[in-house]
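Naming follows writing order (A, B and C), and every chain is counted from residue 1.
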Amino acid sequence: MYLPYVMYLGFFLLAIGWVWGLGFAPQDAIQGNSYRIIFLHVPASIFAQLIYFFMAVCALMHLVWRVKLAAYLIKSAAPVGVIITFIALFSGSIWGIPTWGTWWQWDARITSTLILFIMYLGILTLHSSFSNLEKADRLMSILVVVGVVNIPIIKKSVDWWSTLHQPASITISEAPSIDSSMLYPLLVSISGMGLTLIALGILISRLYIFTREKNKKWVQNYE
Amino acid sequence: MFNLLFAEAFKLRHRLRAWLGPLLIMVLVLIAFPLSIDVSQYDLNKFYFSIIVISLLMISFLATESIFSEDYEDGSLEQIYLEEKDFYKVALTKISIYVFFIGIPMSLIGSVFSFANGVSADELPKIFVVLLFSTLILFNLFAFGSALSLNKGAMLGVLVSLPLTLPVIVLLGRAVRTIQYGEGFLEVLALLLGVGLILMAIMPLIISATLKTHLE
Amino acid sequence: MSNFAFSTLQDFFIMDGHGIYVWSVYLVSLTLIVISFQVTNRKLHQQKIKNAQK
């Protein structure tokens, strides 16, 4: 019921953030106009990781308290993760062409995002290869919890290797390193992207629950 | 505990394919690499180590591929489940046995081949130790992968566990650099050993939970 | 919100030669998101019909 509102609010914020970022934010002194990909790339990269954290929390809930819904949420969040991680990789490599002169660099953060992409696909593959769905749920949760160790390594690897990737644009603890005229549209884009993805996730989970629980009475009577 | 150790070692000794196979494949891969490029044009020792690392990665997986699935198929896993309700000890012994009987020879082969391709003799023990500690990590992670996929074949296991092992490869690359430049080697070595030991303690727990899920 | 960063609309699309990168990225990503919404919606609709038939 609330789904359309979330979706349209997400689209709306995304539109504001992007129009603001694309049209009205000032030009970057070093990178010129190509930096405007930031308003897509940074939200995508943030949510590529956040979705995995969300899945890990769900996986813990599923393993510890055996919450069935948590497993459904993992299963539905993974495709969203695949899409957004792909967008993060794609936008990043296109951004790389004008600024670094190369579309791919074996830099730690890019590589670990690619690994994240493969991990999402691996989780989906694992789940789909067992016909006993309860077993598949639990195995998937175990894999997600074990895989979450990879995320701090993504963060840390930037420090471990000296790379040409710029440090993260927004940190919570320190003052952001970009100007507020670029920061505000970025924040708006991030929240818009978040709401859009939440809407997509809810939609996918609804589809998944409807497919999986098709023999339950309440599903058959729904609408 | 010792009974279990001997039983597992005995099992492995009888499965010639499970321990000799990976070692022979490792040798073959390391022979194949110099054959595939024009040796006269390239300085082999510069990047020979990377081929050793990659073959270590792949062959660690091949070696641990059937670590649990054969016991699952002949029913001994189920028997252990009925008796002990837990797989921690079994997983721990299995992995230690594998590191001992496959990991050590593999690291030996790797260091000998790197010596044969122009790495100097005093770097040999360093390479051996680095490879050995990384097999400790790799065997744990891949055992987890094969526990997850169990009877669903190798493809699934490698797909889910390979992403987890890639940081180890990064660390190995760094270890090579420190061997070449001679600084900070012990730090990287300590890091590898530490990660290996932590995994050795934790991974059997996770593997045990995974196997229980399969048998429930 | 500051002023429009480009003097003409054409500048806005070209972006000093970087426009092709910027616009293609936004276009592809937006299409991907919209398509995934569409596909899920359609599948959901079909599933609802299927469930109702039972």
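Convention: a residue touches a chain if its C-beta (ideal position, glycine included) is under 8 Å from a C-beta of that chain, and two chains touch if they have at least 3 such contacts.
What you see is a predicted model; the values in this text were computed from it and never measured.
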By number of C-beta contact pairs, the top two chains: A-C
Distance-to-centre winner among chains (Cα means, whole assembly as reference): A
Chain separated most widely from subunit A, comparing mean CA positions: B
Geometric centre distance via CA averages, subunit C-subunit B, whole Å: 45
Rounded Å distance between subunit A and subunit B, as computed from the means of their C-alpha atoms: 32
Centre-of-Cα separation between subunit C and subunit A, whole angstrom: 16
For subunit C, residues contacting two or more additional chains: none
Complex contacts: residues of subunit A adjacent to subunit C: 7, 18, 20, 22-27, 32-34, 36-37, 40-41, 44, 79, 83, 86-87, 90-91, 94-95, 97-98, 181, 196, 199-200, 203-204, 206-207, 210-211, 214-215, 219-220, 222-223
Residues on subunit A engaged by subunit B in the complex (per definition of touch): 108, 111, 115, 118-119, 121-123, 125-126, 129-130, 135, 138-139, 142-143, 146-147, 149-150, 153, 157, 160-161
In the complex with subunit A, residue positions of subunit C that touch it: 1-6, 12, 15-19, 21-22, 24-26, 28-29, 32-33, 36-37, 40-41, 43-44, 47-48, 50-52, 54
Residues on subunit B engaged by subunit A in the complex (per definition of touch): 144, 148-149, 152, 156, 159-160, 162-164, 166-167, 170, 174, 206, 209-210, 213-214, 216
